[in-house]
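The two complexes that follow have chain A in common; it is paired with chain B in the first and with chain C in the second.
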Partner chain A sequence: MTTVAIEPASVAQPKLALVSRALRRIGFLPALLIVLIVLLVLFEPRFMGMFNIFNVARNSSALLIVASGQMLVLVVGGFDLSVGAVIALTSVVTAKVMAVMLEGAPEDVTLAIIAGVAAGMGCGFVTGLINGACVAFLRISPFMVTLGTSSIATGVALLLTNGIPVYGMPDAFVKDFGRAIWFGLPMPVYVSLSILVLVWIMQRRTTVGRYIHAIGGNVQAAMVSGVNTNFYLILAYTLCGMLASLTSLLLTARLGSGQATMSGNLMLESIAAGVIAGVSLRGGVGRVEMVALSALFLSILTNAMNLLKVNSKIQTIFMGIIVVAAVALDELAKRRSRSAREG
Partner chain B sequence: MSEPSAAGAKLSSGQALAAFMVRHGLIIALVVMEIGFAIVEPLVLSPGNLLNIIQQTSYIAVFAAAQMVVIVTRGFDLSLGTTVSAVSVASALVMTGMVANGSTNMPVIMLMGMLTGLGLGLAVGLFNGICVSVLNVNAFVTTLGSLNICFGIATTISDGRPVFDVPREFSGLLYSGTILGVPAPVIIAIVVLIAIHLMLTWTVFGRSLYLIGGNPRAAALAGLPSKRYLTTAYVVCSLLAAVGALMLTARTGSGEPNLGGNVTLQSIAAAVIGGVSLRGGVGGTYAAVLGALFVTALSNCMGLARIDGYIQQIILGCVIIAAIFVDRLRTGAR
Partner chain C sequence: MFPAPAPSRGGGRFTEAVNSMNEHDGNLLELTGISKRFPGVLALDNVDFDLRHGEVHVLFGENGAGKSTLINVIAGTFGPDSGRFLYQGREIRKLTPHQARVMGISPVFQEFSLVPEMTVDENLFLGRERSRFTFLNKRAMRAKAREVIAELGFNLDPTRKVGSLSRAHQQMVEIAKALLTDVRLLILDEPTASLTEAETIKLFALIDRLRAQGVGIIYVSHRMGEIKQIADRISVLRDGRKIATVRSDEISETELVELMAGRKIEVLFPHVDHRPAEDLLEVRNLTLASGSVKDVTFHARAGEITGIAGLVGCGKSELIRAVFGLDPVESGTVLLYGKETSSFKPTAMLRAGVCYFPSDRVAEGLALARPVRENVSMAALDLPEFAKGQVIRRKEEKKTIQDIVDRLKLRPPQIEPAVGRLSGGNRQKVVLGRGLAREIRVFLFDEPTVGIDVGAKLEVYELMKLLLEMGAAIVLVSSELPEVLHLSNRLYVMHHARMVAELTGQDINEQAVLACFFREDAPNAGSDEVPAERAVASAA
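== the complex of A and B ==
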C-alpha cells in the first residue's frame, strides 16, 4: 500500500479508484514490455545476439540515469530542458581537463581522471543549481529557465571546442572504465542499477523523497507544513543536473572523446521515458522503477526498429506518436475512473 | 468601456504605468543597444542595415505572433519550427513536381504549392489542438510529439535533402516583389499581424482566448466553448507558421528540411521578451512585434560586431532568462 500512499496528488480520490488506477499503472507497461521482448525473441534472431544485448543494455542504462533525474524535476512540477546541454558540456569539460592535465604531468593519470570527473560533475551541479535557484527564488517558469541555461551551456560547450571533438583522455578512463565489461555485463549497467536503487530508497524511505513529492503535489500545503520548499526544489534540479553529468561521463568514457554534440535525443527521450512511466507533468506523481521500465521499453523499441531497418526518420514520427498516445491514454483512464466514481 | 484584454481590465492606473514602463523599457533597451553597437560598428545604423532589420523582423514577427496566440491560452507550440520545415519541403515538392510534369500554368502551380503548405499547417494545428483540448494532453507533450512527427515528415519526404528549383515566380511573388517600394515580406507580415490583432481584440473568439488562458475555470463556467476555441487557437498558430514557412521558402528559393531549426526558440523568446506571459492571458500583437524586433536587432548587431556565433547563443540564453525575470517583476507588481 505504500505505493499508493506516496502519491499525494491522488490522496483526495476514494480508495476504489485509487486501487484500480494503481493496478493500471503497474500492469500496463510491464505487459507491453514483455510482449515486445517475446515478439523480438520469436521473430528476430539478431535481437538475442551478445553484441545487440550489450548495446541495448548500454543505451537503456544511459537513458535510465538521465530519466531518473528528469523524473525528480517532473515530480516537483518542473521540467529540465537543459539535460541535453549539460551532457554536452560535461563531456567537453571532462575531456578537456583530462587532456590538459595529462599534457602537464603525463604520469599522474589518477589525478587527471579525478580532476576531469570532478570538473564534469561540477558542470551538472552548477547548471542544476542555477536552474533550481531561478525556479525557487525568482519563480521563473522552469520551461524558460532551462531553455535559457540550455542555450548557454550549449554555447559554452561549442565555444570551448569550436565543435571539434576533444581527444587525449587516458586509457585508464576509456579502455579500463568506459568500455569495461564487469561480470559479463557492460559497466554502465551496474552504475545505472545503483542509481536506480539509490533513487528508489530516497523516494520511498527518506524524508527528502517525501518532501519532494509533497512539493510537487501541493507546494502551498508543503510550505504551510513547514517544508523548506526552496531547498528541495533546488535539490531536485541539482540532482537532475548531476545525474545528467554522470550519464555524460559514461558516454564520454565509452566514446573516448569529448563532444559538444553528444547528447543527441536524450533530452526528449528522458521526458518521454518519464511521461510513459506515468510521471505526471503536473507534479507529485512518479516512481523511479516505472521510469526504469519505460527507459528499457524505449531502448528496446528503438533497437527493434533498427533491427527491422525502419528508416530513422520514420522512427522519429513513431516516437512522437507514442509519447502523445501514452499521455492521452493516461488522461482517458483518469477521466474514466473519475466518471465511474461520479456515476 | 471594455478593455481588449482580460489583463487590461485588471490593471489600475498605477499598475498600468508599471506595465507601460516595462514596455518602454524594451524600446529604450533597443535604442541603447543600437547606439552602443553603432559606436563599435557604424554600419549598424546605416539605412541599408535598418531596412535589413525590418525585413528580417517580418519573418520572426509572424512566427512570434503565431506562438503568442497559443501562449495566451497558457500553452505553447514546440512544433512550430518543424512545422515550418515540413511546410517548406511539402510546398516545394508540390511545385517542383508540377513543373516536372510539364505544367506551365504558373499561378495554378503556386496556388497548389501554397494550398499544400497551408493544408499541412491546418493538419498539424488540428492535431495539436485536438490533443490539447479534447484529449487533455499537456501542451508540452503534444507539441513535443508533433515536433518529432513533423521532423520525420520533413526529412522523409525530402530524403533529408533540400528541394531545389522552386519556381522563380514564387520567390518573385513572396520575396523579391515590392508594392510601392515596400518589400513583399514586410507587406505580408503587416497584413497578417493586423489580421491577428483584429482577431484578438475585435472578435468574441479572440477575446475569449485571454479568459481561457487567464482563468480556464471561469471560461468554462461562463459557458465558452473552450475546447473549440482552444483547438482553433492551435490551428491559427500552425496556419501562421505555414504562412511564415512559405515566405522563408520563397526567400531561400528551395524547400529546406531544416529550415525551422531555430524558429521555435526564437519565436518563444521573441514573444516572451515582448511581454507575453507564459502563465497565459497576457499578450498582444504589439508585444510579439516588439519582441521580434528586439531579437532580430540583437542578432543583427552581434553579427555586424563580429561576435562569435557561440557567444551569441550564450547571450541569447541570458537575455531570455533576464526577460522572464522582468516579466516576473511585472506580474509581481500587479
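== the complex of A and C ==
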C-alpha cells in the first residue's frame, strides 16, 4: 500500500509536484517517519546503537499495544482515559499475586506465573467491562466514566502497595520472559506484531471490525440494522482494557517489579498515537496499521529528545503540543478536502 | 477474541420476494387499539390500522399527528403501550428493529440509518454481512450490491463512501438497503423529499413492481400529487388518533386536507398583493468557490416575492446561503440598497437587515434544548433593545418576544418551553420570529415549508404576506413548484448552477418552468410555451 512507483510520465514533471505526489502516495505520517529516521541516522550516531535500537523497539511495542486498544475505543466514538491506571494496577496486582504465591509454595513457579498473569489480565478485563457497561447501558459520557475508573484503579494500586515497588516475581517471568531476546529482537516486538496482525484482521476481515466501525459512524444506523450495539461497545472497551493489561505485563516482566507509577505518559501517548494516525475523535475512522506507524514515530521522537538530552519536563510539554497540533491539522485537512480522502 | 457470528441470512433478491399472498388471505398487518405515550404527549391514541398484501397505504396527517410514531411501532423502534399487533396472522410482541427486518419489515426513514464513514456496499450489508466464521466475504457482497443497484436502476457506485454522497443518493442507498432482503412490508417515510423528478419516477415504477409482487407498502407523504398518484388507500391521522381510512379514488384533495386539518381550508395559497418598489438586493455575476453557483445575476425588490425555482442540487440554496455569507464566494458583487457590500459575513448581513432562514431547521436553525425566547432573540442580542453592553435586558426581551410569538400565532403561545418540544410547523415559526426580532428588510427563505403540514404552511405564507406589507423584499427558494408558482411575482429558474430564466406575469406556469429544467436534454421542447423568457445568465 505504501509502495512508490514513479511512472515515466511523472519524471518530466517539476520536482515539487513530484514530491507532493509521492507524499500523497506514501502518506504524510510514513514520510515524516522516514525523514525523522534519516535525520537521526545521519546526525546522531548513538541512535543506531544496539542498545538504543532495542530500547526504541521495546517502547514502541508497548505503545503500539496500548494504542491499538485505545484505537478500538476511539473508533466506537469513545475515549479511554483509564489505560494508564489499568497499566499501573495490572503491574501491582500481577507482581503481588506472583510474590504471594511463591512465598506459599516456592516450587510452583508455573502456577504462580499463570495466576499472576490471569490476575493482571483480569484487572484490564474488569475495568474495561465496567467502562463499556457504563457507556453502553447507563449512557454516561466515556470521558467521565473512564476518568472515574482511572481514579479508582490508581487508588487501588496505591492502596495495595503504599507506593512501594513490589518485588519477588520469579526469574522465569523476569529474566526468561521479560528480558528475553528472541531471534535477535526483544520479546515485546513479537507480541506487539502479533497484536497488530490480529487487530488488523479483525478490523478488515471480520464482522466484529465492521460493527465497531458502524457503531462509531452512526449508532442509530447500527442499531436499526440489527447490530447488538451494546455488546460491541462493551467489547471495544474490554479489549482496550485487556490490551492495556498486556502492555503492563510486558513492562512489569522487564522491570522485575510491580509499580503503581508504571504507566508514565502512556495514556496521553496512546491517544496521541491514535490521533496522529488519523483516527477520528468522532468515531468510525481508524486503521491499526497507521496506529503502529504512529506509535513508532512517537517512540523515535521521544528517543531523539532523550538522546539530545531534552529535559523530560519539556518533553511532556512537547507531547501535549504534538497532540493538539495533530488534531488541528487533521481538522484543517478535512475542511480543505472533504471528498479527497481515500478509504 | 471473536464471538460466534450471528446467523447470517442469505438475502434473496427482492424480486424473488413474497409469494405469500396466497398463504394468508387476511391482511399482511393488522393493528388494533395501538396507544403510545411519551412524556407529556399521547402520541398514538387507540389507533387501528391494517395493510393488505400488494397495496400502497398512505399515512397522511399534520406534523405531530402520530405518523412517525406509528411507523416506528411497526418497524420495532419502540413498542406500543397497549394494543394488538398482528403480522401475517401472528401476534407479535416485543418487536426489535432487527426482528422486524428478519420478518421482512423494511423501513426507509427520513433520518437515514446509514454510516457515513462506510462505503455503499458496507452499508447495504450492515448487520447481515455475508461471512464464514466471522470472516467477511467482501467480493460476494460487492457483487450482490452492484446487482441490486442495477436492478433498481439507480446510478450508484458501491465503493463510494456514503458520507460523500448527496442526500438524494443517500436516499437511494437507504431504499436499496431496505430491498436487499426478502421484503414483505416496506415503509417509506417521505421518500421523494430529496429525489429529483427522474428519480421519483423510477421510485414509483419500483413501487408498482413491488406492489405487483404482493409487498405491502406504507407510504408517508405530504405531497398531494404523489399521494393521489400511487395510493390505494389513505389513512388520515390527527392528534394521535386515526380520523379515517378511505379509498384513494373516493376522495378529493380538498376533502383530504379538511380531514387532516379538522377544519375547512379554502385556499392553499393566499392571494398576495405584490407592490414592487426599489431594488433592495442585487446580485451580479456571482460564482461560488464550490462551483455550485456560476455567474448568477438576480435582484429582489421591496414589496414583492422573488421566487427561485430549480431541481434539487441546482445551486439555488447555495446561492442565497452565499449572499448571507455562509458559503464562500469566488467572484461577483452583491449590492444592498444600491450600495456594494464586500463583507460576506452573517453578522454584517444581519446588521444590514438581511436574514437567512435555513431549510434544515434542526441542524442550522435552532437550539432545541433552549426556550423559544432565547431562540428568537438569538440573532438580535447585539441591539440596545435587548442588551445593555453585554447584560441582557430580560424584561424587554420577554415583552418583545412575547409580542412576536403572538403575531406568529405560535401554539402554545408561550415563550419559555424548549423549542425541541414544538412541532415542525411551530419550530419554523420560531425561526421566522428571528426575522421579526430586529429590523430586517431582505428575507432569504430556503425551503420554508419543507416538512411542515398544510395548516402551518398557510400560516407561513400569511406571515410572508405581512412582511411584504411592511415593505420587505422576500427571496423564496423552493423545490416545491406550486409554492413558487403561486407566491412569486417574478420567478427565476436555476439549472445546473446557472440562472436560466426569469419569468414574470403570465409566464409563471408549470410548463414554462419545467421547460427550463429539461431544455438542455431536449433542446426543441418547450420553446414555444415560453416566448417571454429572458436568459439572465448571459446578460452581464
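Heads up, the rule we're going with is that the second predicted complex is superposed on the first by the 311 of 343 C-alpha atoms of A that agree within 3 Å, B and C clash if a C-alpha of one lies under 4 Å from a C-alpha of the other, contacts with A are read in each partner's own complex, and residues count from 1 in each chain.
Convention: a contact is a pair of C-beta atoms (placed from the backbone, for glycine too) under 8 Å apart; a residue touches a chain by one contact, two chains touch by 3 or more.
Just so it is clear, the structure is predicted and the values come from calculations on it, not from any experiment.
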item	value
Partner chain in contact with A:321 - chain B first, chain C second, else both or neither	first
Partner chain in contact with A:175 - chain B first, chain C second, else both or neither	neither
Which superposed partner A:202 touches (first chain B, second chain C, both, neither)	second
Touched chain A residues, chain B compared with chain C	B
Touching partner for A:214 - first (chain B), second (chain C), both, neither	second
Which of chain B and chain C A:46 touches, first, second, both or neither	neither
Partner chain(s) touched by A:158 [first = chain B, second = chain C, both, neither]	first
Partner chain in contact with A:145 - chain B first, chain C second, else both or neither	first
Residue ranges of chain A touching chain B (in the complex, touch as defined)	79, 134, 138-141, 143-145, 147-152, 154-156, 158-159, 268, 271-272, 275, 281, 311, 313-321, 323-324, 327-328, 331-332, 335
List of chain A residues in touch with chain C within their complex	198, 202, 205-208, 210, 213-214, 216-218, 220-227, 231, 235, 239, 280, 284-285, 338-339, 341, 343
Complex interface listing, chain B residues touching chain A	76, 131, 135-138, 140-142, 144-149, 151-153, 155-156, 160, 265, 268, 272, 278-279, 308, 310-314, 316-318, 320-321, 324-325, 328
Parts of chain C lying in touch with chain A, wherever the complex brings them together	1-3, 5-6, 75, 77, 96-98, 101-102, 107, 109, 111-119, 122-123, 126-129, 131, 134-136, 161, 164
